[in-house]
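Chain lettering (A, B, C and D) follows the sequence in which the chains are written, and residue indices restart at 1 in each chain.
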Amino acid sequence: MAGRVLEAALQLLDRQLVDKHGRLAGKVDDLELTFPEGGGPPQVTAILAGPGALSRRLGGRFGARLEAVANRLREGDDDHPARVPFAVVAEIGSAIGLGVAKAELETDRLEAWTRDHLIGRLPGAGDAPD
Amino acid sequence: MRRTWVAVLLLVAACTGPVRSSGVYESKAGQTAAAAASAVETAMLAVDGARGGKAYGRYLTQVLVEAEEDAGSAQGTFDGIQPPDQRADQLRGRLDELLDQATGTLEDLRIAARRGRFAELPELARPLPKVAERLGDFAEAHG
Amino acid sequence: MKRLLSVALGILTAIGGFVDIGDIVANTETGARFGMSLAWVVVVGVVGICLFAEMAGRVATVSGRAVFDLVRERLGARLALVNLLASFFITFLTLAAEIGGVALAIELATSVNYLLFVPVVAVAVWLVIWRVKFDLMENVFGLLGLALVVTAVALWRLHPDWGGLLGGAVHPAVPQGEGHPSWWYFAIALLGAAMTPYEVFFFSSGAVEEGWSRADLITNRLNVYIGFPLGGLLSLALMAGATLFLEPRGIEPGHLSQAALPTMLALGKLGLAVLLLGFFAATFGAALETGLSCGYSIAQYFGFQWGKFVRPADAPRFHLVAMVAVAAGALLVLTTLDPITVTEYSIVLSAAALPLTYLPILVVANDPDYMGDKVNSRFTNALGTVYLLLLGVVAVATIPLMVLTKAGS
Amino acid sequence: MRLTDLLGAEVVDQAGRSAGKVHDVRLVQDGPLVGGFGAALRVDGLIVGRRAVGARLGYERRTMGGPLLVKLAAGWLRHDGRYVAWDRVRAIEPDRIHISGSADDLPRPAAPQ
């Protein structure tokens, strides 16, 4: 079966992630490629998103510094950048549609932190705009 | 990288340092006269408005305050420049006389406006057209 | 009927929203120094903003992707980051200039030093961004901005020598005593004022905020093609007023108050009051647009949730950026840096940065992956190419001209 | 491995000659089934060329419209594109990918849809 053909940099990289409720959930900052156990060409196993992945794209001193900051922000012992398993991808178009809510993703941690510690504490943050 | 910065600094210093040639001094004098003339003409338009009851006091006051500031700061900048020779001294004397007339009248206008005496403005502004004309001529002659 | 009303409302807000502090300053200063000899630049700028705003609105409507999404997708993470830093800096400068402009407009009405109003203005701008619904915000300030029509009324009441004004406009020549570099420098300033990058950030993000669908594409076109040119006429009215009153007297305007002189002299107190209201609404509306655009550009680069169509708690990083930008803009004005000077630099740098935004829009508007059958027509592409070349020349020429003319002084 | 480890890497043939840098990676959706997405994306090959400017504008797709000038410029910047099928990849080092055979017989990439 000849499947759909995609150019990774042109049609996947830097695209917007959109969750199942239409909420914006980060960008495709990089892709995780894994060699299958039985051999053969690598497969795309996850979308990497957030500063930990972006920093390596940017390169140079700025990228290195960003990566250091991203590593420090990460709690515990997981040393990989935030990843979205490819299994939850539902659609690839001008945006990448995901089949889950963004709160379930690792990529939501900084957004949640900003909400819980800063913006969410201001009066009216939870109100719909009127 | 550091060498570039030194070059830039030297360039900046060259632009703002003491004026050596009298030609440059003369053109600075011309620019100052033009700036002062602009302030005086602005005040005259404001007074026109006051005469015709066309503007609110607060707006007029604001225009006059700014006109006085502009003329004053132009004079301040010019007076800070060292005149390079005797001819420049002469030029400076003539321009300063005009600038004093301009700022003096603009001061009177600002004081009257701040006190809300807008009816007096046209009378106080009488010297302005003549001053504006002389400043304009000076600017043209030394531009 | 309802559709007609919404179209009319869109056009009116496009007119009222066209002019901001940059247009007020650039057109008044140009008219005072060069008469109508640079009026053609306003026409070029209006055609350009129509072309690119329509494209950006169409792309956003059809694909749901706003301008900075496209910048990142088409330039890649690194080049887009450079673009983001430049665009954000210029939008931030413009935001500071608009906040200063609001404070100056209030100063003209109260004769109380504008610096006192800056913190109040900043808080008010933030509150509107935080609480007020997008379309309400856009409609209120767009309609209030229509007060600037008073500049055109003033011009008409003066019974000017229309032939003379038009003659100056259609036979552009550098006036005596002015150099070519200064003339071209002001041409760039006028172009930057008419085509500021934040306008397309805001316009395309607004299409997403308002949830436009393909059925709204006609509305998009009408808003842009009718609203912006009429807004451009208000710019020209400011320029003509300065040509009539300020140029013959050798006035070099450096204050917002001087931009109001022609209307005051033509129409008196009522006209002046309406004009000051127009200045206030135009600058406040633009402060909202630039404040939001600071948030839009960063959020769209990194993929954060953005927009006023969700609760602030659901777009926390977007609101954080907008809030910090407004506060920092207010602080910049509080350093007593002259807002008019900030404006002059922001519009010139805007002009230089235009290709950064416009190339990705033009490319994506041709990409059927995003646009389906709504790709650019040949005519749009031909015109777009001409503008891209023009903007490229402008971008290269700006900094040398800035140095050569000591920023137009 | 990340996509970034491939993008921008120099491609070298058995004789040690450079074939250019990796501009893009072609994926084909015919791997094993994964979750809701269906078949997994598998790396099919590398698009390699000497110049990288304009690679992201997307003008190598036949469906792309104008404007003519941008299209021509992008086409000129990419005119030397070559395709390395994945089975020719021998070893992946940081910033360097070794391929079998000679850089001279690499085909041009087929235009994607």
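Definition applied: contacts are C-beta pairs under 8 Å (C-beta built on N, C-alpha and C of every residue); 3 or more make two chains touch, one makes a residue touch a chain.
Since the model is a prediction, treat every value here as computed from it, not as a measurement.
Taking the definition of touch as given, a chain qualifies here only if it contacts subunit C and subunit D alike; those chains are A. Between the interfaces B-C and A-C, more contacting C-beta pairs are found at A-C.
If each chain is reduced to the centroid of its CA atoms, subunit B and subunit C end up 32 Å from each other. Our note on geometry: subunit A versus subunit C, Cα centroid distance of 34 Å, whole angstroms.
Computed from the mean C-alpha positions, the centre of subunit B lies at a distance of 66 Å from the centre of subunit D.
In this assembly, the C-alpha centroid of subunit A lies 60 Å from the C-alpha centroid of subunit B. Listed for subunit B are no residues, as none touches two or more other chains.
The set of subunit C residues that touch two or more partner chains comprises 73, 76, 369. Multi-chain contact residues, meaning those touching two or more other chains, occur in subunit A at positions 9, 13, 57. The chain pairs satisfying the stated touch condition come to A-C, A-D, B-C, C-D. Taken together, the subunit C residues at the contact with subunit B in this complex read 107-111, 177, 245, 249-252, 254-255, 257-258, 260-261, 264-265, 267-269, 272-273, 276. The residues of subunit B lying in touch with subunit C in their complex are 34-35, 37-38, 41-42, 44-46, 48-49, 52-59, 61-63, 65-66, 70, 132, 136, 139, 143.
Residue ranges of subunit D in contact with subunit A, taken from their complex: 1-7, 23-32, 34-37, 39-44, 47, 55-56, 58, 86-87, 112-113. For subunit C in complex with subunit A, the touching residues are 63-65, 69, 72-73, 76-78, 80-81, 130-134, 299, 301-306, 308-314, 316-317, 319-320, 369-370. For subunit A in complex with subunit C, the touching residues are 9, 11, 13-17, 23-27, 29, 49, 54, 57-59, 93-95, 102, 110-111, 114-115, 118-120, 122, 124-130.
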